[in-house]
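Quick one: the structure is below, and I'll ask about it shortly.
Letters are used for the chains, namely A, B, C and D, taken in the order the chains are written, and counting of residues starts over at 1 for each.
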Amino acid sequence: MEEHLKNSVTDGQEEYVLNIGPQHPSTHGVLRLVASLRGEIVTNIEPHIGYIHRGIEKMCESLTYPQIIHLTDRMDYLSAHINNEAVCLNVEKALEIDIPDRIKVIRTIMAELTRIQSHQLFWATFGMDLGGLTCFFYGLRDREKVLDIFEETCGGRMIVSYNCPGGLMHDIHPGFQKRVKEFIEYFRKTLPEYDQLLTGNVIFRERTMGIGKLTLGEAIAHGITGPTARASGFSCDVRKKEPYSAYDRIKFNEVLFTEGDTYHRYLVRMDEMRQSMDIIEQLIDNIPEGPYAVKMKPIIRLPEGEYYQRVETARGELGVYIISDGNKNPYRVKFRSPNFVNLSVLNMLSKGFKIADLIAISGSLDLIIPDIDR
Amino acid sequence: MPFDIYDFTSLTQWIDTSLNDRLSPFWAVVAEMAIVGLLILVFYALIGLFLVYAERKVCAFMQNRLGPNRVGPFGIFQTVADLIKLLLVELVPIRNADKFLFNVAPFIVIIASFMAISAIPFAKGLHAIDLNIGVFYVIAVSALGVIGVLLAGWSSNNKYSLIGAMRSGAQIVSYELSVGLSLITVIILAGTMQLSEIVQAQSTGWFIFRGHIPAFIAFVIFLIASTAETNRGPFDLAEAESELTAGFHTEYSGIKFAFFFLAEYMNMFIVASIAATVFLGGWMPFHIGSWEAFNHVMDFIPPFIWYLMKTFFIIFLMMWFKWTFPRLRIDQLLTLEWKYLLPINLVNVVFMAFIVLMGWHF
Amino acid sequence: MRSIVKYISEVLSGVWSLLKGMKVTGSYFFRPSAIVTQKYPENRKDLVMFERFKGEVIMPHNENNEHRCTGCGICEINCPNGTIEVITKTIITPEGKKKRAIDKHIYRLSMCSFCALCVKTCPSNALAFSQEFEHAVFDRSKLIKISNKPGSQLMKGVE
Amino acid sequence: MSADNFNLEESIRSFDGDAIVTEGKQFTEITVHPEKLMALAMFLRDNSEMGFDFPACVSGVDYGNDLGVVYHLRSTKHNRTIVVKTRVSDRQNPVMESVTPVWPGAEYHEREIFDLFGIRFTNHPDLRRLFLDNSDGYPLRKDYSDDVNIVTK
């Protein structure tokens, strides 16, 4: 690797190799980008990952299915609830269990709250990446309110571990609905501030418009999903394409743009927060009565076979591929994590732009490093 | 004139004559220089510490935070504690750095700001040197600081530092033009470059009001350009902590870092006080046309307070900018200067000259 | 001419968008009531955690120093990280029967990932989460905790 | 999912007689010899009836004797998913052709599989270890042993 860096000479000019990361304020984790520069222009980006590779897939092979779920929290820690849901749905599908509506609705509300708080943090850190430090505090301030909802019901703030095969760990807190409604009311008032502070800002627009364009064809061929792909016009929302939980009974729009630049990747997330609030408002008053969990056998064994379940996390499609040999432990678990795939286009997008743009582009891909490394 | 009660000329002249009585002329000058130097040093340190504290509190309130609140009441001694810490921490030696330049760079930055502060009129007669080309001197001297930034970036032998320093160089070279031209707009109106004269000329009304629209445009341009010249957000490309970690001062630690830190705040103070002096009447109190009683009350506020109020108002504006806007990119920074500020400025100068020729100003 | 109008309108709309942002931050500057910072060590007394907050796993004891743990080891089996270790001993009940009882219920806080599987699966509800959130210690060995209090006994009626 | 692809099996069989097409629990599964993988990949992507242009997931699997790769492919046009499986039995030096020229999105997945399973992909643009820069062995294989880091109860 070091050998490769030394020899990176093109047309007689030595490249200026800048090591961005593993510790850097805007890589949001331990991602290392080896950037070759000419002046300030980026000519090549080489991501080096694996600094927090924990071997979750290997660990899963020696754990039971309920135990796997809490490991998935640690992958994309901002979509913890949705990751849990993916494994649970897969196990439930394999066992052919009917899930009561109450569980489905609660899962959906929780998933949308997760999406909102994830996008709030995206807004916060994206503003910070571009130099607007105040955004960071406003974003975190509002995210706290969602985390309080999580803490009251699940007991955890980020690492919720709220799902279990067959339902939920416990019922929602009696004050859950009131708190969620309060939050929605509050956030509908604060969201326009986000727009005033950043979206409409002329500096912000100049910094992001036309930067790092991803075309529709490239997005599909590279397997890009989530808001990143939807900004390029790739309709890939699993909630629409293959509805799970309660998504088949609610109305919401899939946010689509065609430009595919950094600004529109940002806009997709801003609009998704509004869509998520709409979804929650449709469901919060109509949580059906019923049990919060289906009675499961103490030891869950999946029938022999292969199971693939995908869900829409805040960053894209999370696929859980389980191969079972009939034991209580899975034979092989593969997590198709959205960030891992989205990272692969970073080099393509940032070529020819400046360092500042590289930061903006990697910020707009909204990478979560533990999800890349797993 | 009621504000003569706050005239410091007699005080300074008394000090001058009494020193000359007791000492030979040479030693009298040395003693005067020592007194002035000491006063400026103390003033510098106090203002620096206060500004750091003020910035933290301002940004904290804008971000729904409390800001420093541990050391002393409302955390007012936080910056003092930080200063003590910075004095005590280890100066990390950089093995491959150009040692001489690396060590000399912070001093260049801080000396440049020292030199600039000496030409600023704080009140009538409270003035270290009253040069007849005061405005020109301040612009020239405050631009010297960038040499320190460039040297710091180069000598650190760090890639982030070098990029930061080069950005800073490009930035200063272009924004110096706008600072100069916007001040020239006012100099046309004032007819002098001597800072004390400029302040005196505003006794009948501040230039920002007297000069109609062109003076206001010049004021706005001066604010933008001077924010850029002091490397403050949204123009803090030389530091750009989300891109270049800390830019040109990545490798500095301890007191050497403190020098850069202090110089940044002092540069902000200097440009704010120039703006206050040139556009907002310096230490002149605020008067409204024929409201005699109002004007009389205003006169009893000491000129030094007036000066500080105006300066801190402009500093607050600059902090407000920094904590609201995202950072510009280097090419946008240059676009802003060459495509927007410079042409507007040139038109503005002509416009102002026209107004002055026709005698349309107040 | 049109380009000049466009140029000027661009400048003005840009400035207007900047002013809108300044309005947001400026309004917060003059609204200290919006401050969300909590002064942490001072507010320790009125800092109430949510009842479901997962602080650490404890074994609640009643006033007679009795707990509900039968020493079945289901929590140990269910723990994904090997956090819990149940050491049992055999005691002779007053009726003269040999019976299993816990000697030590070891809980390693440093390895716990707060998945709540032990609390959920415990057949006799012997385990619970405490509200304690200040876990920092200077010595790592202090993170190995023994959940059952010394001299404690199994609660009557729990099998 | 697989109800509407009435002609899928037929057309794949007609394309490659050796490919085994089965109906899995969720998706139609094609098992193909690694040498014919590339031709099948081109067919699956470019045939307008197929149109499997979206590489959803590429997973390596250790089947015990064989090492395999499973491709989950999706057609954005028809919104259906297909599974392509291929396996090599040479555990010492497993070689397979890379599908990166067909689906660029497979690049990182294949690097990951090379890193964790040791399957070498020919024609891959940049085949280096992804996570584990300086280590030996392929940890996701079932016979991998590491006495220091893997603790078994």
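Convention: a residue touches a chain if its C-beta (ideal position, glycine included) is under 8 Å from a C-beta of that chain, and two chains touch if they have at least 3 such contacts.
Note that this is a predicted model, so its numbers are computed, not measured.
Chemist: Could you run down the chains that neighbour chain A and chain C together?
Modeler: Expected: B.
Chemist: From the C-alpha centres, identify the chain that is farthest from chain B.
Modeler: In terms of C-alpha centroids, the chain at the greatest distance from chain B is D.
Chemist: From the mean C-alpha coordinate of chain A to that of chain B, what's the distance rounded to whole Å?
Modeler: Using C-alpha averages as centres, the distance is 45 Å.
Chemist: Once you find the CA centre of chain A and the CA centre of chain D, what distance in Å lies between them?
Modeler: 25
Chemist: Which integer distance in Å separates the CA centroid of chain B from that of chain D?
Modeler: 64
Chemist: Quick one: chain C and chain D, Cα centre-to-centre, how many Å?
Modeler: 41
Chemist: Could you list which residues of chain A touch at least two other chains?
Modeler: 134, 141, 197-198, 201, 203
Chemist: Specify, in ascending order, the residues of chain D that touch 2 or more different other chains.
Modeler: Answer for chain D, listing residues that touch two or more other chains: there are none.
Chemist: Where in chain C do residues touch two or more other chains at once?
Modeler: As it turns out, chain C has residues touching two or more other chains at 18, 21, 24-25, 36.
Chemist: Report the complete set of touching chain pairs.
Modeler: Here the touching chain pairs work out to A-B, A-C, A-D, B-C.
Chemist: Across the complex, what residues on chain D touch chain A?
Modeler: Its residues touching chain A are 24-27, 53-57, 59-62, 70, 72, 76, 79, 81, 83, 103-109, 112, 116, 128, 130-133, 139-140, 152.
Chemist: Under the definition above, what is the set of chain C residues touching chain B in their complex?
Modeler: 11, 18, 21-22, 24-26, 28-29, 32, 34-37, 39
Chemist: Mind pulling up the chain A residues that touch chain B in the complex?
Modeler: Within the complex, chain A contacts chain B at residues 16, 18-19, 24-26, 40, 127-138, 141, 197-198, 201, 203-204, 206-207, 354-357, 359.
Chemist: Under the stated contact criterion, what part of chain C meets chain A in this complex?
Modeler: 13-15, 17-18, 20-21, 23-25, 36, 49-50, 52-54, 78, 80, 113-117, 120-121, 129
Chemist: Residue numbers of chain A touching chain C in their complex, please.
Modeler: Contact set of chain A toward chain C: 63, 66-67, 69-71, 74, 134, 141, 144, 148, 151-156, 159, 161, 164, 169-170, 173, 193, 196-198, 200-203, 205, 298.
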